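In what follows, structures are represented as structure tokens.
You will see chain A twice below: alongside chain B first, and alongside chain C after that.
After this line comes the complex of A and B, so read on.
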């Protein structure tokens, strides 16, 4: 890393805010997670509880669904982002707006929309039934949760990818074509590797957003498809077990940080790795 | 159809929006020829190159390579090399991988053979020791060589170069000019070289195509283009020519022409006479205007007494602006002349123009 005193100084305001509002409370949560709910003495029981298959399966499901949603988003977003990045300035403005508009709608409102479509006599359920899926009740299904997660995260993925694709000079694609690469090969050997930074930032954003989703699984997952944030909510507001909620939060935080760190390592370009 | 023809453009027309049109262009390029497309920016030279490479479609007319119509072929099936102005090297690949890219895509060569070929071409451009560097770690001149090697490795029958030297500094540019030319001779590949730099075009090419506003203004050898420009545009664009407006021309003995300038001066011209256009100019190169010492000769042709207006010392020469002395007040023609550095500009009182160096040109045809 380059950067002297100036660059250190420029991150100071953010470091102060993050320190005061994020790191210190997180340390508080860490301390809380080792407290006995009844006696407030030191205990590992809160973590031991998570080893229970109920909690473990929810945390595992959270990671699985978040990964799945992120992968689907990546596949859907790439062509969209490419069109957006290569559009003329006028259409680009309109397309960007179209991508942004969903972000201005509350996730509660959007989940309600999905809920209506996916109830037993909702439009999507009816379509599924007419296609021969007889016991198709979409509400409370993994499918419903993933669809809503994908819809929610898509703008983040599109914008991250488009930013990276915009930076790939057009003539690199032309040069590849000129060197006998078919359009598919141009995508595979030039556009995709050079979009790496966008794929990585899109992945991190979308994975983070999906893994911490609360409203979507709460409204569309019913009792069957619970995700981690719901467990925390229930511990805090239903069971009044704050230390238990703190332990679940810490496990989630550590698991997500690990996954993000690994993907950052994997996403380093060859150039960065060498220097 | 001759088997000697590498490229043929048949009334190629390309509209590129807002009324800008290239063509119709007719051009035949012979095998092994080094041909330059020369013109100011916006004259359509890059558009033509992109039409040949297939990045822009042709609105009408056809493009033939080796006698085969490729007008409708997509760019990745054309087998025409292109060196971009900005090099367009793949930043995520090393120099070696950049050069290997085309062979890999074409997939016609066993890997070991391809590796050997890549090594051979890198050696040819003098970069074998830098083969494993990324483009970001190479200088402009080295990137330029990688870009050329990347195209040359495929052995294309036709190589297009889009102002490849314009991003290099002056010394390197002159050196690369010679290297490119000798590379072309060695390979025997047909080169089509786009440039706005007339020195470059004259120095490197077998033939020069001068373009103006989407049309061919003149095709000829560098010598023809320089000494017998087809029209006022070519004369003006190739080297800073003096253009003197004439009132009329009349035949003179020996097939020469006597031009009467607006100022009343009479000038004998033998350096090529183009008769197209309503208005005609006498084109004289600055280096063809020579200082004349009245005591040395009694009666010489095309001698005019002048007044020096200004002079600039350029190291190897003086650039001197002079005004022809005239009894008529309204229009005194001005001439730019080059004076050897050992002479004094303030001593110039008369100039002589060799009739052979004075050409008559018309308005753009």
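After this line comes the complex of A and C, so read on.
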């Protein structure tokens, strides 16, 4: 093979960076999670602590809110993803910008936008009050956190779905329509099944970013709507309980990897059943 | 049929609006005329932008921390990512799979947890947090964007062009510098732009890794937000949006050229 050693040499710098700054620190977290904060001996106490109802309720809330946000994203991202995938080059450029700008803007900046809308006299708080759905400020409510989480994940979901929809040959839809299938039927029986890869990758991406969100619950959730990443933050920078933070990080990582694994497995068996 | 189409476009438009809403709110608020957050603003003024440029914490964060940091990260990630992409294109088999997995891991790994892992890693090695430790972490998460856009650029290049140059007497290095590199230019540049934005917008790593004296702009916005409601913060956030938007438009123009 020509240039085999040259190729290895050329990937080496980033391999070293990823090894030193990702693999080794991640292994360090694993090791630290079994370390006694006082004696530095082996212990399972850091994991046992998470079984306390305070931590359990935060982890359950994190999974629940992340799932809810991801499901909402999946539902409302589809029409935009479809229009984006099928748009003519001109409108496509503009639509892509509408997705890329929110995607690349700092999450702090976007949280500030939601904060302005949801403080005591913010527009959304006033609307909610006049409709009688909510009596006071929306800030600090689960609603505020979910609205911001959904918005945060939407660009990821739209891009994942659009990439999959672009690959569906247009004639498949046209053929079905010519055979007098209704557009709704075409959506359920042609577009939706064929965009499964996009649904899967969008689901995984969005669930991952929502379940590990820190800034959004910290800025909009007040004291009541705490999520798992905040526990990690407080353990590390407030309580200086590093082994505790390591254990919570590991639980989150394992939960995310399990979901990744199960979804990939589910995706594969369905594919095999089909072919 | 027609009703279905308009329903499709309407719901697509609503989703796009939802996605853009916080950005619109921040920009509109920064042009407001009152001393409190006001959306929609009842009067317009440039007061908060004037205040922004007279507020040292924000100008320092923007001009002396975030911008130079993002430039440094973009340059370093582009060099590292270019070599990584060129190498990856030639790797085959098991090694190629392992490298591909390792190089996509920084994109998949939850950023907040990466921040914690790096904080603990630096702390246990007794490495003091400074701009370099943050820059290294940013290079870690920005390089995959360079790899992706260079790889996309490479797939559009005919290998035979460099081969032809070599047949005509060019050395492999000459063929690379004068044939492959110019053809890759837009892929490299758009990768660099994305690497810049990744660093410039990052908060999840900065929460754990920014030290006193080098507070990035997103960190400064978050810190100030917790103390006061001041439209100057919205103006700082608008500056973030303007830089990111201009660069996203630039990246789109660059990658548009690649496709054509």
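As a working rule, the second predicted complex is superposed on the first by the 246 of 275 C-alpha atoms of A that agree within 3 Å, B and C clash if a C-alpha of one lies under 4 Å from a C-alpha of the other, contacts with A are read in each partner's own complex, and residues count from 1 in each chain.
The rule is simple: contacts are C-beta pairs under 8 Å (C-beta built on N, C-alpha and C of every residue); 3 or more make two chains touch, one makes a residue touch a chain.
Remember, it's a predicted structure, so these values are computed and weren't measured experimentally.
Contacts of A:238 after superposition: neither chain B nor chain C is touched. In the overlay built on the shared chain, the residue A:9 is in contact with chain C alone; chain B does not reach it. Between chain B and chain C, C touches the greater number of residues of chain A.
By the touch criterion defined above, A:194 lies against chain B but remains apart from chain C after alignment on the C-alpha atoms of chain A.
Once chain A of one complex is fitted onto chain A of the other, the partner contacts of A:108 are limited to chain C, with no touch recorded for chain B. Contacts of A:169 after superposition on the shared chain: chain B is touched, whereas chain C is not. Of the two partner chains, chain B and chain C are each touched by A:183. Within the superposed three-chain model, A:123 lies in touch with chain C and out of touch with chain B [touch as defined at top].
Common to the chain B and chain C interfaces on chain A are residues 183.
On the chain A side of its complex with chain C, the touching residues are 1-4, 6-15, 17-19, 21-26, 28-29, 32, 76-77, 79-80, 82-84, 93, 95-102, 104-117, 119, 122-123, 148, 150-151, 154-155, 158, 183-184, 208-209, 211-215, 219, 229, 232-233, 236-237, 242, 245-246, 249, 252-253, 256. Considering their complex, residues 169, 171-172, 174-183, 185-186, 189-190, 193-194, 269-271 of chain A touch chain B. Within the complex, the chain B residues that touch chain A are 53-55, 74-82, 84, 86, 88-92, 101-102, 105-106, 134, 136, 150-151, 154. Contact residues on chain C toward chain A in their complex (touch as defined above): 1, 4, 8-9, 11-12, 14-16, 18-26, 29, 37, 39-40, 80-81, 83-84, 86-88, 90-92, 95, 99, 102-103, 105-106, 108-114, 116-121, 123-124, 136-137, 139-140, 143, 147, 194, 197, 200-204, 207-208, 217-219, 221-222, 225-226, 229, 233-234, 237, 240-241, 244-245, 247-249, 251-252, 256.
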